[in-house]
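One chain, chain A, appears in both complexes that follow, with chain B as partner in the first and chain C in the second.
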Partner chain A sequence: MPALSNDQADFARAIVLGLDLSPQAHAVCPKYRVATAMAVYHNNYRGNLHDTLASAYPVTEQLVGKDFFRVLTKQFIEQYPSRSGNLHHYGAEMADFIADFEPAQSLVYLSDVAALEWACHRAYFAEDEATLDVSGLSKVPAENYADLVIHTHPACHMVRSIYPIAAIWNAHQPGANSDFHIDLDSGSSNALVSRKENTVMVTELTEAGATWLQSIRSGAPLGEATSGVLERYPDFNLNTALLNLLEQGVLADFTLENMP
Partner chain B sequence: MARPVTHALPCTGGIGLRAPHYRQVLDRLPRLGWVEVHSENFFGGGAPLSTLLRVREHYPVSLHGVGMGLASTTPLDKAHLSALHRLCDAVKPAAISEHLSWNSAAGMVINDLLPFPYTQEALSHVATRIEQVQEELGRQLLVENLSSYLSFAHSEMTEGAFLAELTQRTGCGILFDVENLYVNACNLGVDAKAFIKAIPAEAVKEYHLAGYSVRDGCLVDTHDHPVCPEVWEMYEFALQHIGPRPTLIEWDSDIPPLPVLMGEAAKAQQRLEICYACAE
Partner chain C sequence: MDNRRIITAAIGSLLMLGLVSGNAMADDKKMDMEKCFGVAKAGKNDCSSNKSAHSCAGQSTKNNDPMDFVAVPKGTCEKIAGGTLKSM
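Our next item is the complex of A and B:
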């Protein structure tokens, strides 16, 4: 497929970089210049990606304002071409990009907010999966509890930050109180993203709860995860943590370690 | 003329269902012949899929893909195709369509519908890809003619002949977008009547109608206006030569209130009815 393949590669680069097509493309426009057609493709390309980023990062856009967000997305789009025919995959690198984006350095929390927004975006489109069946859990003999490996729902994510990102996110949702004032000294945030009845939510976990969930998510069995947390946080209450996570639909199925 | 029964979409006017109207449609259940959605917006689970499954309880649904890149020369995205397959299994759509365009090259994806020269080389390539998709999905794919802002001097055939040959080689159907043809006629001097006569009528399973914008003398397929009188006229010509088929109003930007869309669909419906009346 050399001819078609080479033509398309040249065409793609011209669109992305906003260049003219080379004469070898043999492009023809009887009514206007080829450059006009290429400008339409270039603007479509940039416009689609900008709109996609604006829809995945609405809080980031609110925090920096529409004009600044446009400057930011322009540079992001130049740095990161799309890699998927599904536009909902576009924009994964935004948190890292913002961390290095010089004009946004004064908004120290912005990168972490963007990471949280990407987690929410993924949670929104995540596959469906049944949540933990408590009656099934009750059939597990007590002596095997320590070996339980609990899996989290595909829509579950955790984003930890030294800034109050969960509070910032919730304050910028439709219908939230607009008088919100960001107190950056209000402490760190263990933002838990979950999906309940198909609504994506962001809540806070305690340090102990977040440490436990992180351990569970990395595949640690219940006994190991819990004893690890209890060493550092003697007040950790497993029952309360489990009930809280069950309530939020974070826990999916479970398996018993060392058993088929 | 008997109403076609070979296709599961009703031969009526339908609308492109977009997010601003989900709630109203599900709460009020307005009389819509059928609806079409963009497949990629429903990949995965959660609210999007759940909404579509509820819509599906009340209306025939057509899945219209914008991201497969049938004419790309990069390998077919298997994950994308599997996601579409899972969606089809869940929704059991009345029709599935993609565009006669490419979107991926040189390690990048251009999330647009891009033109290519209609050569023999491209024909065998696209035919192979359509076969791959149809095999994976286990059903016929409808392929939509493209709106284009430029053409290629080294094309060896017209888009109409290219599509006709694709239906022969792969058994795919045609989604005939009348507005795309109008855009090509204005931008590129494509002979619209010759196109309509070139594509096999029995392969055409669906029409699209939409509005466009103009930038620097170039008609751009923006789907942000009502259907213009010239496109209605071209649609009427197509109805005479090809026959009545399910007809969709597409509106993707500056989306108007639902009644406006329903009004446009009713205009298509009226023309379909006239077409039946004259033929019977």
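Our next item is the complex of A and C:
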């Protein structure tokens, strides 16, 4: 039955691209003109994707305002059709899109904020995994501590920017003081995304803390990661770093290097 | 080696914390594990939440996009120094 599948492909293309159905299509619409009915489909398709993007990028939307965000998403949706049946996957390319989006060029930090928001979005939907079992850790002999390979939770992400994106993100959360002023020159940001009890948080790591966590995330054992950081940052406080990361649910399972 | 002492002390303090708040942490973990997989953000992945387009045939015959010339950011970006457009 090629006729049916041709019609369906034509129908889908017309919805996504906002085109007219080809004259050969077998379309029947009793109450409206076919073009009118197709416009309704097209608007609903784009409306859903706009809402999906607004839900994934609420800080970006607040930063630029609703009207601008609608223009931005309209062009994004034209450029990136939905490719998954799961709307949670939609919008991954936003940071790159914004970086090239001419009308947003003045907001130099916006692309990095969007990257942080996508990390938060992924963190929200990341799988559950048990956080570090401290009682299991107590069974490890102290002489093996340096060989500990600590894994991070699937909801943990790090986003680095030369702009203060963690402060910008936190200023736009529900309940935050709306009377804020952020100086873009206040420095770079090592934003850490984590999730605790279904709430996604963004905190800031020090340069040393970020270097250490990056090293741990790449699979370096505790001893190696710590020595490496202490060489560059003699003030690095492992004690505080570990306690903070444990508290934020960033640390998950551990293994011992060279042991099964 | 000094680093070894630092590591031993840091893990030691994690273990102390585990002893002190052992029960509370077990509860946290339980709560995490009971979370339903696939829980959705409010209004997410739900066609009926579509506020951007009319969902009833006949309500909307044309798109409701803003004009493309409304392309100047007008949001909280004004509160971020150096982040806004110079006024034209």
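We adopt the following convention: the second predicted complex is superposed on the first by the 253 of 260 C-alpha atoms of A that agree within 3 Å, B and C clash if a C-alpha of one lies under 4 Å from a C-alpha of the other, contacts with A are read in each partner's own complex, and residues count from 1 in each chain.
Definition applied: a residue touches a chain if its C-beta (ideal position, glycine included) is under 8 Å from a C-beta of that chain, and two chains touch if they have at least 3 such contacts.
None of these values were measured; they are calculated from a predicted model.
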First (chain B), second (chain C), both or neither touched by A:32: both
More chain A residues in contact [chain B versus chain C]: C
Touched partner set for A:48, first chain B, second chain C, both or neither: both
First (chain B), second (chain C), both or neither touched by A:99: neither
Partner chain in contact with A:256 - chain B first, chain C second, else both or neither: neither
Partner chain in contact with A:4 - chain B first, chain C second, else both or neither: first
First, second, both or neither for A:88, with chain B first and chain C second: both
Shared chain A surface residues [contacts with chain B and with chain C]: 31-32, 36-37, 39-40, 44, 48, 52, 86-88, 124, 127-128, 198
Residues of chain C defined as touching chain A within the complex: 3-4, 6-15, 17-18, 22, 25, 28-29, 31-33, 35, 37, 39-41, 43-45, 47, 49-55, 57-66, 68, 70-77, 79-86
Chain A to chain B touching residues, read off their complex: 1, 3-5, 7-9, 11-13, 15-16, 25-32, 34, 36-41, 44-45, 48-49, 52, 81-88, 90, 123-129, 154-155, 195, 198-200
Chain A residues touching chain C - in the complex, by the definition given at the top: 18, 31-32, 36-37, 39-40, 42-44, 46-48, 50-52, 55, 61-71, 74, 86-88, 103-104, 106-110, 124, 127-128, 130-132, 134-135, 137-138, 142, 145-146, 148, 168, 171-172, 178, 180-185, 196-198, 222-223, 226-227, 230, 238-239, 241-243, 246, 249
Chain A contact footprint on chain B (complex, rising order): 40-41, 43-50, 66-69, 71-73, 77, 80, 83, 102-112, 114, 116-117, 119, 121-122, 125, 149-154, 186-189, 215-218, 220
